[in-house]
Amino acid sequence: MTDPLRPQGGFADLLGYGLASWREDYAEVTLAVEERHMNRSGVLHGGVVSALLDTALGYAGTYSPDPEVVRRAFTLSLNTHFVGTAAIGQTLTAIGRKTGGGQKIYFCSGEVRDQDGRLVGQGEGVFRYRGKSGG
Amino acid sequence: MTDPLRPQGGFADLLGYGLASWREDYAEVTLAVEERHMNRSGVLHGGVVSALLDTALGYAGTYSPDPEVVRRAFTLSLNTHFVGTAAIGQTLTAIGRKTGGGQKIYFCSGEVRDQDGRLVGQGEGVFRYRGKSGG
Amino acid sequence: MTDPLRPQGGFADLLGYGLASWREDYAEVTLAVEERHMNRSGVLHGGVVSALLDTALGYAGTYSPDPEVVRRAFTLSLNTHFVGTAAIGQTLTAIGRKTGGGQKIYFCSGEVRDQDGRLVGQGEGVFRYRGKSGG
Amino acid sequence: MTDPLRPQGGFADLLGYGLASWREDYAEVTLAVEERHMNRSGVLHGGVVSALLDTALGYAGTYSPDPEVVRRAFTLSLNTHFVGTAAIGQTLTAIGRKTGGGQKIYFCSGEVRDQDGRLVGQGEGVFRYRGKSGG
């Protein structure tokens, strides 16, 4: 039996993040920072922050109250600003909020904070719904 | 014995990318696309493209002809546009070029292409040198 | 006598925007949409939205309670997402909030809304203080 | 009699830029820098650079060899990096290149240079075709 809030897929398992909250126009993704997320300087790799934002923002626009209906989307554009840093042992939460859009395109903004609420990153994304799932 | 062109660090090993070319104001990073890079829809995760760009752009501004001199930088801002996609078995190359800046800040732009030259993503970044290494 | 909340400068006068609110880490800039802000398709030019965001975000990081102390900054990076549109006769308000940074660099995020609160655009910026004014 | 390469519209006239070159997947927009383009610090306003990029990138994806066929597009996302500056009396050229996309969405990247080739800004945009003109 699988946890419905745990994203299935290679990259989610690889990085170790999980979907912690998901509702209409909102998603939270969490990650425990480990050695594997660090860059050559021993600092959290920017790609981790971008990946968390991409995931949380993407989920924020594809919630469906009906578990039979799966909505998918592609990222068109993602912007990440690296405001702070994070150390091994901390827990990061990426929050994504859908801010607008229509049947084909949606816009989200979000942020990544550590367990004490400090801002680690912020970002915005533009997404395109796949197939007929954007209706 | 380590390959000097192979980035050392948890995240590089986790994703499996390597530095393929590095010179003044230029860097190339390559990645063989595997199952672990896919998202829940079986599509290359956007975070992989952002991570490759962040890495290539960051390296483009920190080359040093003297191996004793290590230059480090932080990413301030990274923008990624997701132009195409990539499948398992393909090889991606992220190219970063430094386009400007000074002693403290530098700007880069770059792109990610597959082995046939198709554009998968493009991006731009602003970076800040750490310590005295930006001189 | 000049209005202290009215930005002085060629571009502010050209576009016709004014600073409506300014305090620590926060700024609001307003603009009455006119024919001169439209593009060749009769739609609000994207450059207007970017200019309002650039202005509001920049101001958000340079407030000084002491009118004798003028703080200046350069924009390093600005991202704009065009969520909605606006028509001639509407009033736009760009809100900028400083979200982080230090003595040299600061980060802001913000949004542009019409007089009914509808989201027209959102954006993020990275700025660098000029001279000694960032202390 | 109108110059076919001169954009018609309020904002183009307000800022004083003109379309200097336009062909498939490519556009150039030029602007003579004047007092009206400066900010309160006497520096070129970031909104001018963003506006030039938005215009050049947008045009790059909407060229039509048939003057009877007018293609229109909306900007979804625009990113601008401010690499250099420009003074009154200089001439800026924004170059936009379409880099990818399909019938609905297109991607562009570009740069703004002064008359001596110095890089003033660079940017990327995502655009959506309006109506049936994207075919």
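Order of writing sets the labels: A, B, C and D. Residues in every chain begin at 1.
By our rule, contacts are C-beta pairs under 8 Å (C-beta built on N, C-alpha and C of every residue); 3 or more make two chains touch, one makes a residue touch a chain.
Since we're looking at a predicted model, the values are computed, not measured.
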| item | value |
| --- | --- |
| Far-end chain from chain D, centres as C-alpha averages | A |
| Which of A-C and C-D has more C-beta contact pairs | C-D |
| Separation of chain B from chain C, taking each centre as the mean of its C-alpha atoms, in whole Å | 32 |
| Inter-centroid spacing, chain D versus chain C (mean Cα positions, whole Å) | 21 |
| Distance between the centres, which are taken as Cα means, of chain C and chain A, whole angstrom | 28 |
| For chain A, residues contacting two or more additional chains | 76-77, 79, 81, 124, 126 |
| Touching residues on chain C, where the partner in the complex is chain D | 7-15, 34-43, 45-48, 50-52, 54-55, 58, 72, 74-82, 130 |
| Residue ranges of chain B in contact with chain C within the complex | 76-77, 79, 104-105, 124, 126, 128 |
| Complex contact set, residues of chain C against chain A | 77, 79, 81, 83-84, 99-101, 107, 109, 119, 122-124, 126 |
